[in-house]
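So, here's a batch of structures to check.
Below are two complexes that have chain A in common, paired first with chain B and then with chain C.
Our next item is the complex of A and B:
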């Protein structure tokens, strides 16, 4: 049985007293989803408008359109460049580490055995922990007074290691929490990918005595590429928007060390009540994620078609 | 098949053990903290030798925290209840809205269907605060500020795309011929949807619902922005609890354990579907 993509049902006999016209039916079924779309697009458009206004909650009388001024201000605003730098650094470092670690673990657990299956299920637990709570767990473990990790850092001669409260190591600390939560995401996707690969090329290579490193670079990796791309793009998009972990851990501090886009926008809105700047920041973040998500969706669709084909 | 060399087996074993240590240790340590008194938590050097106590859990459940300074009221149970209420209701609403739409997208080609489906998907990747900040102002005007209804509606932002795209895949996997045959036999559209399509996609719908529940439960930013203390779920409540409880670290740890236990249990139960859910239906486990 081959399932072709979206087969339409031919009209069947009807016995209903009231008839919904065939042309209206799909719209009726998807109406709630459509309304939700509109319900979300309205605040989105409002945010676009805010980003083009001088708008501070503390000075509502001074609210007026200033068109691109919020964006132009960014050019000479060191805080903005800091936000951009911190966000991009965070996204790149977390995703690279998670990708390498996730791939390594997936390869380790690739063979189906009871132990490997058990380990791979256990490793999902960090991913199932709410990121905000995960940050809290690590906060307890890195507490300078009683945190086990502060104690261990002291044991290996790092004396007064202050983790997230030291500007030097704050980034490292939140990156570790992010790696702890999200590496299993990449691992589980790549593990499913590895286990779905056709076996013939590997059997042929084994028969010919091809070195395993060569097999990895020339067969495994190229065949795994769609999975790697999907997992990576997914994570980059999420990571550049990270809020929960950083906010729960340090609220963007110490100082402006971790004011990534969403944290900076949150602080701008609620602390300095500068709605215009906050919205403009989020629009720039949205532009970045929108561009990335277009590439992602193309890849994701290809993968989706493929796994539907295998089904 | 040739035997794996011993060295390689040792290396592999060590690597797996290190991986388990890194990913499991925090959970184990917090669990240990949750059954200790503050005195044993604050010991230097830390030790795993202590007399376990359940008084932290007891304090959370009864809502009374006995400290040297007196009795402190804690409302953590309220946060747990909020989490349960918000997640369950938003998943229920998401299923009611999403399943029929998923069926329409899978079976009935119509103008604009892909546009709507992809617009919904793209919400999954937009910065949540972009929608949330204007909503704080709208919610004030609409009287939805700090109501469960408003929050449940906003939760659709994460729940709906997930349900729609996973369930759509399950509907597409049902051969259209089965439904066609049933309709030839004289049954109407709704009967076919209810008696054939829904039961066949049942496991997928259940899986999507469970995953949506986990995502809703773990959400932080929606409630942080839109809810005040009495409506906050555990993710936001736990953070406030840390500040409020001062040095009651045992109770904080117990609160974390109670907050992550439900998602762990569901994940274990639904692990077969996790891959598919996490990839929004693109990869099958």
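Our next item is the complex of A and C:
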């Protein structure tokens, strides 16, 4: 037997519907973005203000606005020009090597197979390692006393190869670590790009017996360019802002061989407590990053338009 | 505590028995040295309470910012006694040294009230003091209302105590009459020789007594060892490369980093003829007999290489050798210590020192309570406990160094340590000129040294360039 209980609900509180006027709605919807912008802009503008001051934490009495003096000082400061040179060289070399290697590996792994899928997952491992940890790992591997790489270098007649502790090979060593960590990033991005390309042009080229090299230069590479640009943009921005690998391996040394922007700015703030100079260095780094991003994004948009046939 | 043990400890506390006699007596009753130290410490804590109102801040909690270090471990091991003595609670955050000073700078520069006291090096207070982040502790030390009459401030080794006091005037003498006590010394490191006795004995090497001897012995040791190298010194691109053996040797030749003019202006002084000669020998020593990866060596690599038998000796902090001579190291028991004066004409060693110290945050909202902790942690009882029952080397109090049980403990396992300390302690102090650009100048000095060792720049030219750059920076900062 089934008993049905019917019960009338007690009168609840009257619900007031919150009504938003049509005029307010756009502002409310954009409020989170606005708050985020404010959250970004406050520290950014604070850094801009610091960069325009003579401001050392150890000399608080001497703090004053010196407007562009920190920037003007850079013009005659050989340490700054060295920093610029080292940062640009590092970014350029790492990105070029990583692009070439990443593209090569992606082309090798393009065809879907169990082995290729397994290898591509394995190759992603370095990317999952924190760069600072990777640097420490490489520091151990290149230790002249017990490092496996030093041992292997000895076997091929490079017994006195001093890796990051020699000014001649310090840049090469940190570039190798960077390449080891970040090539998988380029590889996975380009692999995704390669696998998403339409197959018709390739099939047509195969039917016409077009040589593989021609297909690569005339079909694959142009179609892959947006992906290459995206990968380059990310890597250039990150490389020019490199800190962890270089600091963990050499603290910017030997001498001034690896004093990139971030290392120099970090040492200026935390060690020298020269807030003004540190902020000015970071502002210049920001300007470089901004300019590079603009160039890449404009090119990327142009290519996208072209690929849609609007060019 | 059993009656017999209690009787012995009470006799010691009444001054009727020496500490060594007490330890022996307790040993005869089957109490180990470490346990005896703890018993004495408990009794000392009770005795402390009789002379001072330790309970004044009962119920208050102070928070500390600490570096991971054996000094910290010793303090934490004894902390329950402090809590019992004062009725206070103590909280702490401990960070590894790699990030510790960044954390301190971040906490203090933001004006955070989270921490009441913190560990620091004396050099750092040249930033923290003038910036208004650390308190001048003279106001507590010399206030009998706030400081235990048994605190015995004068018991602190004079060179160490004065090295933590500066009047804030760039170039002002450390420990001057108008100096502010920015921090209290807690434990310190002298820079002397620690050598591998096994390697020295096996190869007929004698302990060098001056810089020329060091250069020569290091080269002979390297040749004799086959693998490994002759002498360990720091080499990373950091201020920390300059302050240990390097500056101790440099100061031995009466050389200065900066000179202070009659008008108070500072000028670089590292490109004198004597300095250039010293640098030449130092650079040659590293090129001929230093670690192959010297330019990345921090205190850690210098210490561990010695402990692993890769280097024959180090001219660095004595406590590195102390810890590397302990269990878990390949060369445990083989290390020995010797005082070292680089200049053969010098009367005695004059090591530059690193001082782990305790300072009070200016942003603390419980300053008097924080001082209760600071005076306990830097007091004679805790110093003695740390030195005898833990690895609190080097203590900064003369009374601890005079303690027989402590000396016995060192002499038993650390050959030459006590003698080394006794000989060099009178000349041990900070040899740098206190000024706000300390870290800028010493980091650049280290980078220049790296270039010299890598033969990128000749010594003369490198030092002239360094001096020119330093003078420029001093001028820009209004100091030169």
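Some notes on this structure:
Basically, the second predicted complex is superposed on the first by the 257 of 311 C-alpha atoms of A that agree within 3 Å, B and C clash if a C-alpha of one lies under 4 Å from a C-alpha of the other, contacts with A are read in each partner's own complex, and residues count from 1 in each chain.
What we mean here is this: contacts are C-beta pairs under 8 Å (C-beta built on N, C-alpha and C of every residue); 3 or more make two chains touch, one makes a residue touch a chain.
Keep in mind that this is a model prediction, so the values were computed, not measured.
Once chain A of one complex is fitted onto chain A of the other, the partner contacts of A:27 are limited to chain B, with no touch recorded for chain C. Judged by the touch definition given at the top, the superposed model places A:105 against chain B, while chain C stays out of reach. Contacts of A:272 after superposition: chain C is touched, whereas chain B is not reached. By the document's definition of touching, of the two partners only chain B reaches A:128; chain C does not.
More residues of chain A lie in touch with B than with the remaining chain of the pair chain B and chain C. Once the two complexes are laid over each other on the shared chain, residue contacts for A:184 go to chain B alone; chain C is not touched. Once chain A of one complex is fitted onto chain A of the other, the partner contacts of A:217 are absent, as it touches neither chain B nor chain C. When the two structures are aligned on the shared chain, A:145 is found in touch with chain B and with chain C. In the superposition on chain A, the residues of chain A contacting both chain B and chain C are 139, 143, 145. Touching chain A in their complex are the following residues of chain B: 12, 15-16, 19-20, 22-24, 26-27, 29-30, 33, 41-46, 96-98, 100-101, 103-110, 113, 116, 118-123, 125-135, 137-138, 153, 156-157, 160, 164, 169, 172-176, 179-180, 183-184, 186-190, 192, 214, 217-221, 224-225, 234-236, 238-239, 242, 249, 252-253, 256, 259-260, 263-264, 266-268, 271, 274-275, 278-285. Taken in their complex, chain C has these residues touching chain A: 101-102, 105, 109, 126-127, 130-132, 227-228, 236-239, 291-296, 305, 310, 436-437, 439-440, 443, 446-448, 450-451, 454, 456, 476-478. Chain A contributes residues 56-62, 73, 139, 142-145, 160, 162-167, 249-256, 267, 270-274 to its touches with chain C in the complex. Touching chain B in their complex are the following residues of chain A: 1, 3, 5-10, 12-16, 23, 25-27, 29-30, 32-34, 36-37, 39-44, 46-47, 50, 104-105, 108-109, 115, 119, 121-134, 136-141, 143, 145-146, 148, 151, 180, 183-185, 188-189, 192-193, 196, 227, 230, 234, 237, 241, 243-244, 247-248, 261-262, 265-266, 269, 275, 278-279, 282-283, 285-286, 289-290, 292-293, 296-297, 300-301, 303-304, 307-308, 310-311.
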